[in-house]
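As written, the chains take the letters A, B, C and D, and residue 1 is the first residue of each chain.
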Amino acid sequence: MSDFDWPVRVYYEDTDSGGVVYHANYLKFMERARSEWLRARGIRQDALRAECGVIFAVSHAELAYLRPARFDQALRVGVQVLQARRASVHLAQDIHLQDETQDNNKGTLLARGRVTVVCIDAQTFRPRAFPDHVRREILGDR
Amino acid sequence: MSDFDWPVRVYYEDTDSGGVVYHANYLKFMERARSEWLRARGIRQDALRAECGVIFAVSHAELAYLRPARFDQALRVGVQVLQARRASVHLAQDIHLQDETQDNNKGTLLARGRVTVVCIDAQTFRPRAFPDHVRREILGDR
Amino acid sequence: MSDFDWPVRVYYEDTDSGGVVYHANYLKFMERARSEWLRARGIRQDALRAECGVIFAVSHAELAYLRPARFDQALRVGVQVLQARRASVHLAQDIHLQDETQDNNKGTLLARGRVTVVCIDAQTFRPRAFPDHVRREILGDR
Amino acid sequence: MSDFDWPVRVYYEDTDSGGVVYHANYLKFMERARSEWLRARGIRQDALRAECGVIFAVSHAELAYLRPARFDQALRVGVQVLQARRASVHLAQDIHLQDETQDNNKGTLLARGRVTVVCIDAQTFRPRAFPDHVRREILGDR
């Protein structure tokens, strides 16, 4: 089970002429969920950049596509901390079809996502330790 | 007739589940053509930003979609200067289906595009006059 | 004032290296708002396609970009019917910065959008009259 | 070394406000390279769909991001067959910075990509064996 779930609606922009969500767009959905997961913990990425000079970057991503998602479907994108380090965090981000007939009840698993996010200096792009309050929030999720 | 044409191939990323190119993506194709039009005239946008502190931004865009473009088709995107001012340029950017059976021969008109591009300060986003060498190249196309 | 407003959060996927929302992405935001406007009126586009064989396509779009939107900002995208015809509807879709300090209070106008949407046959792409229940809902918004 | 390389120019549409190519867009670049790799071997994906009723879908993707790519840079995206099966093919798709000062000379490695592509029925989305001529071309690359 995920620590956090974010709803994503599939619009035309997300689909391709195969009739399903274009495979690269799952990475976008996963980043939306990460941004909202941080926001829910009081972490504003624009403030982090302005005040601490750090941004988050994806250093590794892996996706297993199990079943296609289609136009107008409602998805749920999870965020679960698998491992947190000084300057990086490894996350599970599975994507489920939302069963709209039942409240908050997750349906079929569509894709398994794994992402490593690194905290980097916004100028030099070198790894930087997570600011303390960020680290506390992230560790709190393990 | 356009001053400049740039070929664009339609990939899955460009299409939607309607089976055709997603309407917003024509704006991407038009910007690719503008970037290559500038490059063909020796104008490097990354150098312009680093050396002159200016970037180009779209201030107005208009698109009439006449016929759909499909996966795997070859398109040609035009760039034609309609009017050049001190800090902006108004361009026609029509999009044709490339007839791949005939060399360089334009086929059906798919979309009519009109775009106004403004030269702005990369920091303040305020309009700035085009650098002289840019202006010369742009005016040379009228 | 718009008949309908839809909130859009700006994520990294929406921005470009100019530091602001990439201009083509406003068209995506506008389509999300149209899809949710239809959904709020009980119109499911996937059902329309399956049951009536029609889809909606953009035939004309116009955008005036007034002020840039930035990463992490909250926007509101409007939908207002300007004119409804047998097989098409002309919409105003202005985009405002959401003032997050005040409840539901619209802030600065960022972009003015105008879009014409046509009801077309999903196979032939020829214009088809809006199904009656769609037309009633759309006209109800004038 | 790759069996096939495809040049990709970085435009504004590809970047994000971090100043670099948005991580999901590498998957787009990789699909462009696969499409052109197939085209170079005489395989037209639109014809395959029309005549054989099959399309290609990504079932697994993995990306290691080593160094960022920036606006206006020229990249080269490789396609190398690692393993071919009856209905799927596993590919290495590394992305290099193109050294524009030297002809065709690959520069720095930016990202390592691995993708599994499955041949599926365009209607049922069930795996189907590659058509013979496709299989011959793909195996020819091992």
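By our rule, a residue touches a chain if its C-beta (ideal position, glycine included) is under 8 Å from a C-beta of that chain, and two chains touch if they have at least 3 such contacts.
Every value quoted in this text rests on a predicted model; they were computed, and no experiment measured them.
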*Chain of greatest Cα-centre distance to chain C*: D
*Identify the chain pair with more contacting C-beta pairs: B-C or C-D.*
B-C
*Whole-Å distance, chain B centre to chain C centre, using C-alpha means?*
24
*asked:* I'd like the Å distance between the centres of chain C and chain D, where a centre is the mean of that chain's Cα atoms.
replied: 33
_Can you list every residue of chain C that touches 2 or more other chains, as numbers and ranges?_
12-13, 18, 20, 24, 28, 31, 70-71
_What's the contact topology between the chains, one of line, ring, star, complete, other?_
complete
*In the complex, chain D residues that touch chain B*: 9, 11-13, 28, 31-32, 35-36, 44-46, 70-72
_Looking at the complex, which residues from chain B come into contact with chain A?_
12-13, 15-20, 22, 24, 70-71
*Name, in rising order, each residue of chain D that touches chain A in their complex.*
18, 20, 23-25, 27-28, 31, 55, 57-65, 68, 122, 125
